[in-house]
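Each chain gets a letter, A, B and C, in the order it is written, and its residues are counted from 1.
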Amino acid sequence: MKVWMLVAALVLLSVTSLFIGAENLSITDLFSMTDRQWQVLTISRIPRLVSLLIAGVSMSIAGLIMQQLSRNKFVSPTTAGTDDAAKLGILVALLVFASATTMQKMLIAFAFALAGTYVFMKFLDRIKFKDTIFIPLVGLMFGGIINSITTFFAYKNDMIQNVTSWLQGSTSAIMTGRYELLYISVPLLIFAYLYANKFTIAGMGEEFSVNLGLNHKFVVNVGLIIVALVSVVVILTIGIIPFLGLIIPNIVTLYVGDNLKKSLIHTALLGAVFLLVCDIVGRLIIYPYEIPIGLTVGVIGSIVFLYLLMRRRAYEA
Amino acid sequence: MIEVQEVSKSYAGKPVVEKVSLKIRQGSVTSFIGPNGAGKSTLLAMISRLLQKDSGKVLIDGKDISDWKSTELAKKISILKQSNQINLRLTVRELVSFGRFPYSQGKLKKEDWEKVDEAIAYMDLTDLQHKYLDQLSGGQNQRAFIAMVIAQNTEYILLDEPLNNLDMKHSVQIMKVLRRLAEELGKTVIIVIHDINFASCYSDYIVALKDGKIVKEGPTEAIIDNKVLEHIYDMDIPIELVNGNRIGVYFK
Amino acid sequence: MKLKLTMLAVLALGVIAAFLFLDLPHNWEYALDRRVKKVLAIALTGGAIAYATLIFQTMTNNRILTPNVIGLDSLYMLIQTFVIFFFGAVSLPSTNKMMNFGFTVGIMLLFVAVLYKLIFKREGRNLFFLLLVGLVMGTMFGSMTTFMQVLIDPNDFLVVQGKMFASFNNVNTDLLVLSVIILAVVALYAMRFSKYLDAMSLGKEHAVNLGIPYNFVVMNLLVIVAILIAVSTALVGPITFLGLLVVNVGYQFMKTYRHSILIPSTMLISVIALIGGQLIVERVFTFETTVSVIINFIGGAYFLYLLLRESKS
């Protein structure tokens, strides 16, 4: 696959995405739009498209960074407790600091996500038994445990259905005024791009990086901060999108290899393309209703992940 | 007797061991040598049934290993791999007592404990027997695992790089024990070993492997030979006679 | 060792007695009958989960895994949510307990069977691979469950929520009898393998060397674990981290590797934890929360502590 193909697909899908929905709006209306159509486009469709693009790019890149840092292909925000820790943080923010602004809530959630990811990565560092498959297993369990703590508080406060509904990845409610937080990701992604090589070296281990004159701790922390921030921003605006950060970098590796400078662009583009496809599928399947993106990505993502796992076995055995 | 017939194994289409046939002589120490990736450990693992083979047969006392009952086979042949990390916190004595499992199925009788004591004494571990494994040094650990194999009391003892990570003193200690096992107790010992000089000094027979095939096998003197070694390792290894031992001088 | 075991047994009996006889109301016969059933259900699930987790950890040579994570809990929730979503909370499939139980256990075992078929057919049978596949399927089930839960009518959701957490308050007598029979049969079958457990905990290679028919034993133990978890979950609901909690406490308290001691002690600890928890829920929290929420919370926190401690040393 070439970059231009991905770009073409992205443009095509973006345009498609703009003109699908319950409200009638087709590409031929473009030059003769009614006020209402114009409103639909600017208030709902474009914000939705933008947030999908940013979320797709950011989650895939976050996954890639984590995989570089841990040198394990199966680590991602979903399989390292980041998502779940962020969820707990949001709940805490809602319960304890009910009157906090969105920004403050985000900061609290960010602190939790960062702490969760950090604990997991530290644990990986020390763990004696480094079976590639064992790591995501621990990570998913780790997430489950953080979740059980979330449930404890949610149950006591009768908020389970609430928490469930607004953390489910969904793009249908996105409109102007409710997605701008996502823009925080953009500078972070640029930063990640510039730092890419350092992440790779840091992933080789502390001694290796020190030998090459790299401040290991600092680089790892920068990586984790980017991952945690990006995940929190996406969860707060769209919700949890499982497995995205896991499968995209893995697919890219299959056809471009592991050269980070090269795979980074592919990962970003493919992440956006994949998320757009999932969103469009979710919008069409039970048209005019919608299947939330969390479900479509969850199902498609699990299947792809399983395929990757199976493939890996076949390759090794 | 152990007889290997045309055994093969490949990973991802890449052959690691290719149609190897071999007979192991009773009551002797046989070493598998060869460069990295020659398939030594893979072959050993297949002989010991730790690894499934793709094709071929391994016969022990004339019977295919897949036809043996696992418990019976465990009284016949034992294997010790090179890395022996276990997740349990065990004392030396507890570890060695596991060697009696094939006989006792976990319920040790008096004679089982006697065997355990003998094995511990044989490996000179009596003073350490109540220490936990994680309190011991690498050499002591290795001795404890060998004691377990001795307690298992099998006719055939297979060891995969038993000298890995040991210093000179401990290496010599272990090799002497293996030698004694063959001479005093009549065991058949098979080891995978990297150092050709240890192989030369302590084994009766050597099997040289390269690229998954047996290059040459025979009595030690026939293999520790400049021509043969050059063929195996692709380097010139002059042989010197030191105190009656054939030593390959490959350092320069 | 004997002493510690006796202590646990006494403690367990004490908790049971407290649970049965504390504050008995006037028409004590009815109340006692209900309480006995509750205790029985608790002891049954507690014991089954502890036993399943212990042998599961022995098989995987790992203290931080629990069989509940292979997707059975999520599958249970998916089935329950599905039934309520499509048939409603008052329909026959969701109110007839026997039917629901049979249906749920059936699907769960089918799922495990498919999982085995899928994986053990291939070469390189890696246990962790099986677990990860189960876990990923679990996440997928979770996504679907979430989807339905969001759409469900809030009143129906309360019913779903009731099923999210293990509850011992409405245990059906017929189901209880059926579960006792199933678990007894499984336990008897499991006895054949108990002699292998100590040696299995040395790891696969040592186990094979010591003459254990490893693949055969692992397959059988996995089936046993799956049945135990499926039955106990279908009976009272998921308590994901109970096993993790009690088995680790068991190891710490008994300081041994011998399963002949570990099995009874973890089962006792499990019973103590559950009945003690239930007592607290009923008397202290007056049913504001459920025992499984508390156990999961404590189990989860304890697990995090274990992870942190491990990463420090």
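By definition in this document, a residue touches a chain if its C-beta (ideal position, glycine included) is under 8 Å from a C-beta of that chain, and two chains touch if they have at least 3 such contacts.
Heads up on the chains, UniProt names are A = ABC transporter permease; B = ATP-binding cassette domain-containing protein; C = Iron ABC transporter permease.
A quick note: this is a predicted structure, and the numbers were derived from the prediction, not measured.
Colleague: Tell me, please, which chain's centre (mean of its C-alpha atoms) is farthest from the centre of chain A?
Modeller: B
Colleague: Which chain's mean C-alpha position is nearest the mean C-alpha position of the whole protein set?
Modeller: Closest to the centre of all protein C-alpha atoms: chain C.
Colleague: How many angstrom lie between the centres of chain B and chain C, each centre taken as the mean Cα position?
Modeller: Averaging C-alpha atoms per chain gives centres 43 Å apart.
Colleague: Would you mind pulling out the distance in Å between where the CA atoms of chain A average out and where those of chain C do?
Modeller: Going by mean C-alpha positions, chain A sits 32 Å from chain C.
Colleague: With centres defined as the mean C-alpha position, give me the chain A-chain B separation in Å.
Modeller: Centres of chain A and chain B (C-alpha means) sit 50 Å apart.
Colleague: Among the residues of chain C, which ones contact at least 2 other chains?
Modeller: Residues 62, 123.
Colleague: Of all residues in chain A, which are in touch with two or more distinct other chains?
Modeller: Residues 316-317.
Colleague: Enumerate the residues of chain B that touch no fewer than two other chains.
Modeller: Within chain B, residues 85 contact more than one other chain.
Colleague: Under the touch definition given earlier, write down the residues of chain C that touch chain B in their complex.
Modeller: Those residues of chain C that touch chain B are 61-63, 123, 195-196, 198-199, 201-203, 205-206, 208-213, 257.
Colleague: What does chain A use to touch chain C in their complex?
Modeller: For this pair, the touching residues of chain A are 74, 78, 119, 122-123, 125-127, 129, 131, 133-134, 136-138, 140-142, 144-146, 148-149, 151-152, 155-156, 160-161, 164-165, 168, 242-243, 291-292, 294-295, 298-299, 302-303, 305-306, 309, 313-314, 316-317.
Colleague: For chain B, which residues count as touching chain C in their complex?
Modeller: 48-50, 52, 70-75, 78-81, 84-90, 94, 98-99, 101-102, 105-107, 152
Colleague: Could you list, by residue number, the parts of chain C that touch chain A in their complex?
Modeller: On the chain C side, the touching residues are 62, 64-66, 69, 122-124, 126, 128-129, 131-133, 135-137, 139-140, 142-144, 146-147, 149-150, 154, 157, 161, 164-165, 240-241, 288-290, 293-294, 296-297, 299-301, 303-304, 307-308, 310-313.
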